[in-house]
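Below: one structure, written as structure tokens.
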Amino acid sequence: MKKIINAVDTVVTDALTGLAAAHPELRVDLDTRVVYRANAPRPGKVGLVSGGGSGHEPLHAGFVGYGMLDAACPGEIFTSPVPDQIVEATTAVGGGAGVLHIVKNYTGDVLNFEMAAELCADEGVEVARVLVDDDVAVRDSLYTAGRRGTGATLFVEKIAGALAEEGAPLAEVAAIGNEVNARSRSFGVALSSCTTPAAGKPTFELAEGEVELGIGIHGEPGRSRAPAGTARELVRVAMDALQAHLPLSGDTLVLVNGMGGTPLIELYIAFAEVDAYLREHGATAARSLVGNYVTSLDMQGFSVSVCTLTDELTRLWDAPVRTPGLRWGP
Amino acid sequence: MKKIINAVDTVVTDALTGLAAAHPELRVDLDTRVVYRANAPRPGKVGLVSGGGSGHEPLHAGFVGYGMLDAACPGEIFTSPVPDQIVEATTAVGGGAGVLHIVKNYTGDVLNFEMAAELCADEGVEVARVLVDDDVAVRDSLYTAGRRGTGATLFVEKIAGALAEEGAPLAEVAAIGNEVNARSRSFGVALSSCTTPAAGKPTFELAEGEVELGIGIHGEPGRSRAPAGTARELVRVAMDALQAHLPLSGDTLVLVNGMGGTPLIELYIAFAEVDAYLREHGATAARSLVGNYVTSLDMQGFSVSVCTLTDELTRLWDAPVRTPGLRWGP
Amino acid sequence: MNTAFITDWIDEITRLVAAEREHLTALDAAIGDADHGANLDRGFAAVRTALSARPPGTPGDALVLLGGTLIRKVGGASGPLFGTFFRQAGKTLGDSPEVSPAELAAALADGLAAVRALGSAEEGDKTMVDALTPAVRALEQAVQDGAGRRKAFDAAARAAEEGARATVPLRARKGRASYLGERSMGHLDPGALSSALIMRALHISASGSR
Amino acid sequence: MNTAFITDWIDEITRLVAAEREHLTALDAAIGDADHGANLDRGFAAVRTALSARPPGTPGDALVLLGGTLIRKVGGASGPLFGTFFRQAGKTLGDSPEVSPAELAAALADGLAAVRALGSAEEGDKTMVDALTPAVRALEQAVQDGAGRRKAFDAAARAAEEGARATVPLRARKGRASYLGERSMGHLDPGALSSALIMRALHISASGSR
């Protein structure tokens, strides 16, 4: 394992120290491990709090700022945050209008956010939750923990964040978050495993010429292995899986996402194939994002996330956002 | 080699196809291989043209847009563009006020831009050039091709682009580009080699526990090998090299740049160390950028670039920019 | 058993978890996300600090402190689950200064019920529940049969170990391993193994000098 | 030698470059950026297309077309340099339909001078100049000594090959390899080897049936 780190145990703290130094527009509390917008709480505005294991950067701390999150709770690498962090963040950003928790569907995240929400309720802070479960690689059945939350988390955080910024009440902000999740699907492919600092070696081994299909964002092995194909073939596997779960049509928001170790040039090649596939199926990549946004440490590979847009969702996606990881508009 | 590509020979074309699909605000000419701002040429505005081998994304095509470049000429992977491309781009964006070529100092880039400039002069387009040579890992002497152009290229493109946007004449735009270059220095460290599609295997081999110091951005081996240290140690090697060439002081613009395969979390850890080093030496990271910006395909590692700011440079750095790779301001 | 016995037990778990850290993480790498050993090791290190900062007054107090600290420091799935296990057990013990093996057995049964309620896992889902359930059952049986403390705890540890081993062929239906579907078969569940370590630590404490 | 001879030569270079593509790239990987073989292969493939699109009328025309195409299609350092080499040689030949070995030698000498002017490399800098310079020198000498065409071209190819081999111990002072300083020593310069292939192709063409 070669990484730019000081010690396995200080990875998250050291990275938060760097985040604080690089972004004076954020307030990073190193003790409680919460990243805030410098001007949070905003009275009357619904607060947005998300969080999860570290190792997915820029998710979530990189999406704290105007038009998106009010606070993020980074856990240890691939380990959901603890209730204390979430309580701290939630009570701090509750501007009286309540707080939305955006939670990726993993047992650990769900349990820790649930415990925190109960504690917040005790303190009189109203909390609603959007559970993101967009990953079609996992069958949602009695026999699994349900579909995982992956790339669509970014869509939910951006769009719900925009609505909250407009002053919408908690119920509406939660409703649009749920709507985005319901309209979104993702599928990921790994060319290589990631290496967690704690394990010090790749979580799984892929031979030259092999890819792992249907991976999550924690270096979990996927559902199957396949021979490495061309960009076109790999994208088609992903798009066929998305299409099977949610027929593609009309204006679509697309994220071609790198897993952390994927060069941008390869992601653009993948995007060209996604765009072609959508057009073949009568859909349009009306809005798109290409880059490493919802990552898995140093994993090589990509995921595709799609969200079928409505006029309202398009308007909110286009609304201004100013965060370290996503920034546009006036 | 595992990459998200269709074929070795179509990498650049396929990526440009994706770039065009993802960014309707760019105009990508696939035949001549030039990426333009959709609204170029702008009458009366100095045109900015840069280019170089592909494999450094988002550099250069990702920096085409308002406040930065008017056109970029992507060559084959790690191969400078050919004169035809550059002539095409230059004549297209010359809005009557002349064109600035921003050229990284490599024999191939220098020769091809020189040939193009002569052809443009024949056609009556006034061309000035900024040669970027910020990499202190290479000794600038009679015995080398001179220092290489690396991370500071982004500084030159941003700051000269902002001045051109204000309507400054060619001589001034070139002068500020040269000033930025003179005030900038870079140093890079690789944890792993990149793999070019053409070669299909890593350009150099690093053992577990070894790093390559003083690397460029083309997978060229660096000047020496060293045992892999902590983030603090690696950053200190880089910063000592920068400090030896250009004493650090006052307000400094800092780029902690990933080489393409480096996760953001590690770059923030490196930034924390850079920030600490600067403070120890009486300098301040007044402006900073952390991410994969001037890359070397899938290489893991980082480079640090610094530019000693003036009030004018700070103002121009802060000026609005709207490109796929860099975006801020109204 | 007094408070010192319980803190001994906790120390022993801490030692075993530290010793098995890499093993637990490797098991989690196969069907999860390669952090289970690191998670528990971090949690129990924090427990040590918490115990010395505020030495507990009763066995129940010790277990509540242990559980609360795991909930607050571990994160992931195992943090709230193991935390709830100990915290609920501690609450059941109340504030008696001495507890009998039968009382401990009843408390752990309550802890297990709370884990099942929180995580909604059944036996056979390939989780910690597969080790904790037979362990609690064996402990209750041994106590009922009038077995001595050491023997009862050994029976519980053996049952947990066997339950953990029995997770190998299972297909996971809860937690991250469930994402793997059939590919989760053939691997030992890390949380089941750490549950067995917890029960083995209880036996070791009872075999020690106190 | 007529236009067909020159286009034969070009075809032969194209074949050799394609055959040695991986080797040239591997040499460039050691002290450069691993693209020299790909660069030249792409360039000569384009030359083939250009030649069939607009068949040249004279030897000089053929070399100007070759050089111009390399300049326009290769990129990198070798594109403009080899391009200039052939383009200048073609210009020197002018529009005579037949050229003698002595005329070709003089033309290549002019091409070499243009390369040196453009890249400002001296002999000993570990570049293509280290192969081209002795090749041109040997060719001029052989012609002056009255050697036959085949023999003269062989002498030129041998000199180029020896010049290329002699780059191994050198420390590079031009091009990418110069960044490596002392670490560039012990490696063959890729551009020197491709120069030797160019000269060897000339000899092979002269040994063929035409």
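Letters A, B, C and D name the chains as they come in the text, with residue numbers starting at 1 for each one.
Basically, a residue touches a chain if its C-beta (ideal position, glycine included) is under 8 Å from a C-beta of that chain, and two chains touch if they have at least 3 such contacts.
Chains and their UniProt names: A, B = Dihydroxyacetone kinase subunit DhaK; C, D = Dihydroxyacetone kinase subunit L.
Quick caveat: nothing in here was measured; it's all calculated off a predicted structure.
Computed centre separation for the pair chain B/chain D is 32 angstrom, with centres defined by C-alpha atoms.
Chain A and chain B have CA centres that are 29 Å apart. Centre-to-centre spacing of chain B and chain C amounts to 54 Å, using the average Cα coordinate of each chain. Of all residues in chain C, none touches two or more other chains. Across the assembly, chain B contributes no residue that touches 2 or more other chains.
A linear topology is adopted by the chain contact network, the touching chains following one after another without closure.
Which chains touch which is summed up as A-B, A-C, B-D. Residues of chain C touching chain A in their complex: 25-26, 29-35, 37-39, 42, 71-81, 118-119, 171, 173-176, 178-181, 183.
On chain A, the positions that touch chain C within their shared complex are 53, 75-84, 106-108, 111-112, 115, 137-139, 142-145, 148, 196, 198-199, 203-204, 216, 218-221, 223-224. Taken in their complex, chain A has these residues touching chain B: 1-7, 11, 14-19, 21-22, 54-55, 57-58, 62, 191-192, 206, 208-209, 211, 228, 230-232, 234, 256, 260-273, 275, 285, 288, 290, 292, 295, 297-298, 300-302, 327-328, 330.
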